[in-house]
Structures are given as structure tokens and as C-alpha cells.
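Per-chain numbering from 1; labels A, B, C and D assigned in written order.
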Amino acid sequence: MKNKIKTIEEAVEYIKDGMVVAVGGFMGTGSPERLIDAVVAKGIKDLTLICNDTASPGKGVGKWITNRVIKKAIVSHVGTNPETGKQINAGELEADLVPQGTLAERVRAAGAGLGGILTHTGIGTVVEEGKQKITVDGKEYLLELPLKADVALLFGSIVDKKGNVYYKKATRNFNPIMATAADLVIVEAEKLVEVGELDATDVMTPSIFVDIIAQ
Amino acid sequence: MKNKIKTIEEAVEYIKDGMVVAVGGFMGTGSPERLIDAVVAKGIKDLTLICNDTASPGKGVGKWITNRVIKKAIVSHVGTNPETGKQINAGELEADLVPQGTLAERVRAAGAGLGGILTHTGIGTVVEEGKQKITVDGKEYLLELPLKADVALLFGSIVDKKGNVYYKKATRNFNPIMATAADLVIVEAEKLVEVGELDATDVMTPSIFVDIIAQ
Amino acid sequence: MIQDKDKKREIIVKRVAQELKDGDLVNLGIGMPTLVANYIPEGIDIMLQSENGFIGLGPTPKPGEEDKDCVNAGGQPASHVLGSAYFDSAMSFTIIRGGHLDMTVLGALQVDQHGNLANWMIPGKLVPGMGGAMDLVAGAKKVVIAMEHTAKGEHKILKKCTLPLTAEGEVDLIVTDMAVIEVTPKGLVLTELAPETTVEEVIAATEAELIVSENLKVMNV
Amino acid sequence: MIQDKDKKREIIVKRVAQELKDGDLVNLGIGMPTLVANYIPEGIDIMLQSENGFIGLGPTPKPGEEDKDCVNAGGQPASHVLGSAYFDSAMSFTIIRGGHLDMTVLGALQVDQHGNLANWMIPGKLVPGMGGAMDLVAGAKKVVIAMEHTAKGEHKILKKCTLPLTAEGEVDLIVTDMAVIEVTPKGLVLTELAPETTVEEVIAATEAELIVSENLKVMNV
């Protein structure tokens, strides 16, 4: 069995300036805080972030806003981090706001090898701009395209040494979807267990998606 | 709490001749055998079946083929049930063969309120026929449309009295997807437990999808 | 017309709660809609969805009893009730977009007589992002707007929204501190008045045209 | 040219197994491809996917030790190895279609010099359905065809498939009892010969044009 276990510092060596990085978590819950901190410490910059939100100033990817790690945020919500709005209004941060359900489907589509999905969400709003509209059975839909990352940073409540992941309660959110949609997937393990300790039926992200387990 | 628990016989009262019925299971594994039998016993006919396959003559929905319960099968595979092929060749059964991954996505799309999904699967094959082709980033995709049922018949390894479902091992297959894509969802419970016995994190089909628990 | 701010909120929230039916799955937006949970009628079993990934949202835990793994869609400490289920964001929006949510209750900046809703941004000022609001409004079976009838004297119920829309023609019901208004194909129908409120006051506080229902009642709150 | 049926199979299956790399996720089609699992090179950790919903397919259980909840994609009793994971059909095909499968090994009725594959139906005769084959061939990183070179003397490696296609231009490698043939943009390249087999025999048994590799070798089986 390939050894996927690395330290947090070794793991972030794979992240380079300018990459597209997907980060699990919802308002910071289920976010890989130690990986996020290590990216700040290493001075990585110009990342494009794919995440549900920009959390709050001291939490989750909120720390990347404060430390100006990212140049573009593809997120559904920035309202809980005043610093994000400030940087957007000052033209220092580019924001691509995506409806939350559409964000989930776009990331999933990339992971599932779909060329896109049709959603009614956003019809009649600014979300329509520049998108192809397709009518099915008399109802209008937007064609939303896949969204893929170079690296995904996830947080797993229980991770086995092969890379199978289990997410407790509301920490799951975007983590299992992002696991499918990045060239390199790094999971920060809250608890690392031996192979076999996670029941095969209960695994939420199969090991084949995970490249690095960060500890 | 609404009482969703009914007998197998009471449950199949909701199935009427001519309905579109989605049935969980893969070659019969994870199929609701008792519900399937009750449909045969009640003499229901002219159903349109959505299922991965037609199993084998004595197993799963294979019994519906033998007893001529269905007039149309929307499935990915019929090769393991010789009776299906015989009826198709004799013009007695209509078959709409769908690639397995496309079948999963079409049912999921119906459940998720998507107008369709783009897949590369089937390009250059007879699966293309009559379908819209859409090019994204220079690659051709087929637009595959949602597939919804009137009733879904599922098999749950552990079901709590509120209708939360857990599927063991390979019994999961199409069950959780079909749970989202029918007007009425009936789950045959292998084991019925009190509410709270299933950990909320481990639930695979949330109770809100389940209308009837058949026992 | 009710003047007291707290009393206004209470009326809105109590009246919205009356829309709940036994067995409903409901999503309550951040802010005032959240308070609807405190007025669920007795004998009615409601499950609340939290769009970050579960159904069965329970009361806010007491200080010291928080679980870092359980938060609501606002990122605040939360709990789950018996019979809950957690899932990922794709499933969360399968529920929302797929029409499995019986009702969503949201606030509004503006709503108009075509059922259009604007509640996610003020150009040049507020850019919070739409979060799950666009999916909720496009996907829920019933969209209820819970808000004060006017904002510092400015109309919020308009002939046509001027702010960027959240969704087009999806609003079903508007509940304010002054009235209950149904969105119908014919236009906005005034069906209930708040206590101590007159039809004239409602009309004056509404830019949109109102059809006064023949069965106009006073809210039972 | 090898005549013995069992020997033919063994050569094909052993040669295909040499394509496996440490850490690969592989899907083996029903029939002969399944046997590849018996020849996984030592020291190499492979996970097998079963498209009905898990990775970590293990050996067939002994009679009496079957688990009704664990079957393979053929519906036959199966087992899972340590470190496996079960999932639903949507995730199974996320893995397949999304390019997460390193290799799929499938049989063929016909394959042609453009990498087209026909393996799912014979019009008017055999209508089994495509099952997961179309997704596997369209989605796997590497598509390996494992088959006898001819069928009762009839060519199977053609200039152009005549049967309905499973996928267009997706085949990467053809392994038969006579040869290993790579599908390249230039055409089919004969890279290896089976033991006791000549280039002339392969050419005679192949309708498609073959480019004989400069580094032509004998299979190490």
C-alpha cells in the first residue's frame, strides 16, 4: 500500500502560486484549518479559491482573505466576512458569486465527467449573464459548466491510512464533492485510524480520490 | 409524527395499472422482493419499469417479466434474463436501453430538479439518436433528460420509524437516487428500528423522501 | 398600525408559523425567519432544513454545550432533533432545487406584484452573495416572504423590483406587520390585515396595486 | 499460433495483468477480463471497482460463506478486501465517467483501427443492453480489450466496425492470444507477438492494417 501520510507542511508543498484551490467547509465548519494556516505561513499567493463562502476573518478561508492569499474567489456568499467585501469594492479581489446549489452541481459535474448541468436557479437574474439558455419541456434552464480545481483541501473527521474518509455531522458539506474534482486531493485528518476501522459501508469519500493524508 | 408504517399489501395498493415505477436493486441485490411479489399477486399490469436491469427469471423485477407486469422497461441491461430478450424480440415488451451511468444521472437529475445533464457517454453510438448534442470546450456531449417515476419501490437494510434509511454494502446501488425521483416512495424495510437508532450522520436516504415504510 | 418593533416581528413570525402543515420540511432564512421555529403550532411535526447539510435543525445549544461539528446555515452553533439526517451540499440542494422542500421563509429587500423577489444585493453597497437564496426561491414548493411592510417609510412591495432579482415570479405569499398578501396570476391579493390596521393604511404603504379580497380577515395572532 | 483454448485465455489474461500499476483502480468486465485478478503482479496494490457500487472487490466467497448484500457487477456472490468503500450508482459512475478509473478491461465483438469498439449488441440477435460498458469505455483513462484474435475464423480486428458501436475512438490497447496491438493516431501498431506466433499469422488474422513496431517483442507470459 502506497504511503499517503505526510505532515501538514509537506502537504502544502504541492500548492503553488496561482493555482485553483477548492476548500471544503461551510462558514469554516468542516474546513482544514491547519492546512489553511500552513498555506498562509508559506506565503503562497494569487490563488483562485473555490469554496462555499469566505467564512469570517479569523476562521477557515477567512484567514486567506485577511492575509491576501487569493486573487479570485468563486463562492456563493461573502457577507459574513466584512474584509472580503472591502477588498472586492476596492478592486483588490475578484469575486465570482455562484448560487450555492449551482456551485455544488458545477463542482460535482467536474468530478463526474459531465459537460454541464441545466438548472432553473438564476433564471431572470444577473446569474444568467453570458450563459446559454436551454428550454426543456417548455421550461427555461441555464447551462452551468463544470468547475475543477488543481488542488482540493478537505477536512475529514475520521480518515483511515488508505485515505477513506468519514465526515461527522455538518462538517461534510462540500468536502465529498470537492474530493472528486481536483487533480490533487489533500485531506487533513482530525483522527487517523488503521485501515479496516472505518466500515466499508460508512465511507463517504473512497480512498481512490485521496492523494495525501495530512497529519 | 406521521405514521408511515403499512403492510406490504397496503403499500402496493398505491400502485395502479400503467404507472411508471422505479425499482431499486442491481441484478436483484437490494431489490424489494416482497413488494415485487405483492405487485404480481395483485395482478397489476402495464407498468413502465425504471431499473438498472431485469435481473433473472426468479429474482427481483425478473418476476415482473415472467408474469408480464410491465409493458416497457427503461433499463441498462437485460442480458441476464433470457425471458426479457424473448419478449422484446416478439414485440411484447418495449425496451429503452440506457447506459448505466446515464440512467443514474437521469434519475438523479429528476430528483435534483435539474433540466438535464451533459454526458460524453453514448457519443458515436445509437444512444445519440434523437438527442440534442451540445459542444462544451470543444468536446461533444449528449443532453440527457430527467427520468421521473410515479412510484419508487426501494429496499432498505435498516429503516427507522420516521423513514430514514441505511443500505448495507452493495444493496445501495440505485436505491438512494430513486428515493429522490418519484411522487410516492415506498421502502421495504429489512429491519425496522426506533427513531434515533440510526445515527443522523449515517442516514443515506433522509426520512423526508420516504412516504411509506412497508413491513 | 402597530408601531412597536418587537410587536411587529412577533406578529409576522406568528402568522408565518400558521402556514406550517404537519409533516412539512421547511427552510427558514437567517434573521427574522429563524424565529418562526419558536411558534410551530402544537401537534404539528415540522422538520427544519439547514442548507449547510442536514434536516432536523434543533434549538440553539446552551453555552458550553456547543458541538463544533453542528452549525446552522449561518455558521452558528446548532443542534439536531431526534430522527435527523446529515448529508453533503449536493444532496442539500437536491432537496431544495428538486422540489422536496415544502416551504421556505425568507426576508426581502423588495418584492413586486409579479412575484419577483430582490433580497441579495444592493449594487455599489451590499455584495453579500446569494448563498442558497436563489436555489431556495426557485426550488421550494411555497415561497413565503416575512418582512416589515416598509423600510424607514420606503415602499418594499412594488409594481416592479428595482434591485437585482433573486428569482423571477416565484413568491407565493407575503407576510408583514400590516398584512397578508397572496401573489396570484391576477396580481397581489390582500387577504388579511394585522390587528389595529386598516385597508387604507396598507394601500398607502404599498406601491404595488392591491386587490382586496372579498373574504378579508384580521390576522389571528 | 496457440491452439489450446485454455492456453489462449491464460496468455491474454497474464499479458493484460502486466499493464497494471501500483495504486491503480481497475474495472474488469464480466467473463475473461475477470480472470486478470488472478495474475496481479506481486508487490502491486490494485483496487478493483465493481460498478454496482464499490471499490475493493475481493475473491469469490467459498460456498456457504456468501453474503447476500455483497455481489459483483454480474450479480454473483463477491467479497470486499480491507480498505474497501461502498457507494451508490451515481458515485460509481462519477468514478467511471469522471476519469477516476485508471483502466478498464473488456471483451469485444469487434474493434477497429480507429479505436472504435463494438461489444454490446448484434442486431436481430443479441440485445443484452450496454450496462455500464459505454460509460466505462468513454470514461476510463485506459481502455484495454482482452479477446481472442478471431471468432471461429472470422476477423474481429477490422478496418471499420460493422456492429453498433459501444464507443468511438476510445480503445487504447488490444491484447489477444496472438498479439498486443496499440491504438495510435497513426493506426494500429503491432508491438508484441504471442509465443509460437509469427507476424504473418497475425496479419492474416487481422482485417485492419497493422504497423509492425520496430521494437517488436515476444510477450513475456
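Going forward, a contact is a pair of C-beta atoms (placed from the backbone, for glycine too) under 8 Å apart; a residue touches a chain by one contact, two chains touch by 3 or more.
Quick caveat: nothing in here was measured; it's all calculated off a predicted structure.
Touching both subunit B and subunit D: give me those chains, sorted by label.
Under the touch definition, subunit B and subunit D have A as mutual neighbours.
Please identify the chain with the largest separation between its CA centroid and the CA centroid of subunit B.
Of all the other chains, the one whose centre lies farthest from subunit B is C.
Taking each chain's centre as the mean of its CA atoms, how far is subunit A from subunit D in angstrom?
About 35 Å separates the centre of subunit A from that of subunit D.
Per the centroid of Cα atoms for each chain, what is the distance between subunit A and subunit B, given in Å?
It comes to 32 Å between the two C-alpha centres.
Taking the mean of the CA coordinates per chain, how far is subunit C from subunit D in Å?
One centre to the other, that is 56 Å.
Spell out, as numbers or ranges, the residues of subunit A touching 2 or more other chains.
In subunit A, 105, 108, 112-114, 119-120, 167-169, 172, 200-201 touch at least two other chains.
Where in subunit D do residues touch at least two different other chains?
In subunit D, the residues touching two or more other chains are 54, 80, 86-87, 90, 93, 97, 139.
Go ahead and list every pair of chains that touch.
A-B, A-C, A-D, B-C, B-D
Could you list, by residue number, the parts of subunit C that touch subunit B in their complex?
Spelled out, the residues of subunit C in touch with subunit B are 22-23, 25, 45, 47, 54-56, 80, 82-87, 90-91, 93-95, 97-100, 139.
Using the touch definition from the top, list the residues of subunit B that touch subunit D in their complex.
Within the complex, subunit B contacts subunit D at residues 26-30, 52-53, 55-56, 75-80, 85, 88-89, 95, 97, 99-105, 108, 119-127, 157, 167-177, 204.
Which residues, counting only subunit D, touch subunit B once they are in their complex?
The touching residues are 50-54, 67-71, 73-75, 78, 80, 86-90, 92-93, 96-97, 116, 126-135, 138-139, 164-169.
In the complex of these two chains, what residues of subunit A are touching subunit B?
105, 109, 112-120, 132, 134, 136-137, 139, 141, 143, 145, 167-169, 172, 200-202
What residues on subunit B touch subunit C, complex-wise?
1-2, 108, 110-114, 160, 162, 164, 180, 195-196, 200-201, 203, 206-209
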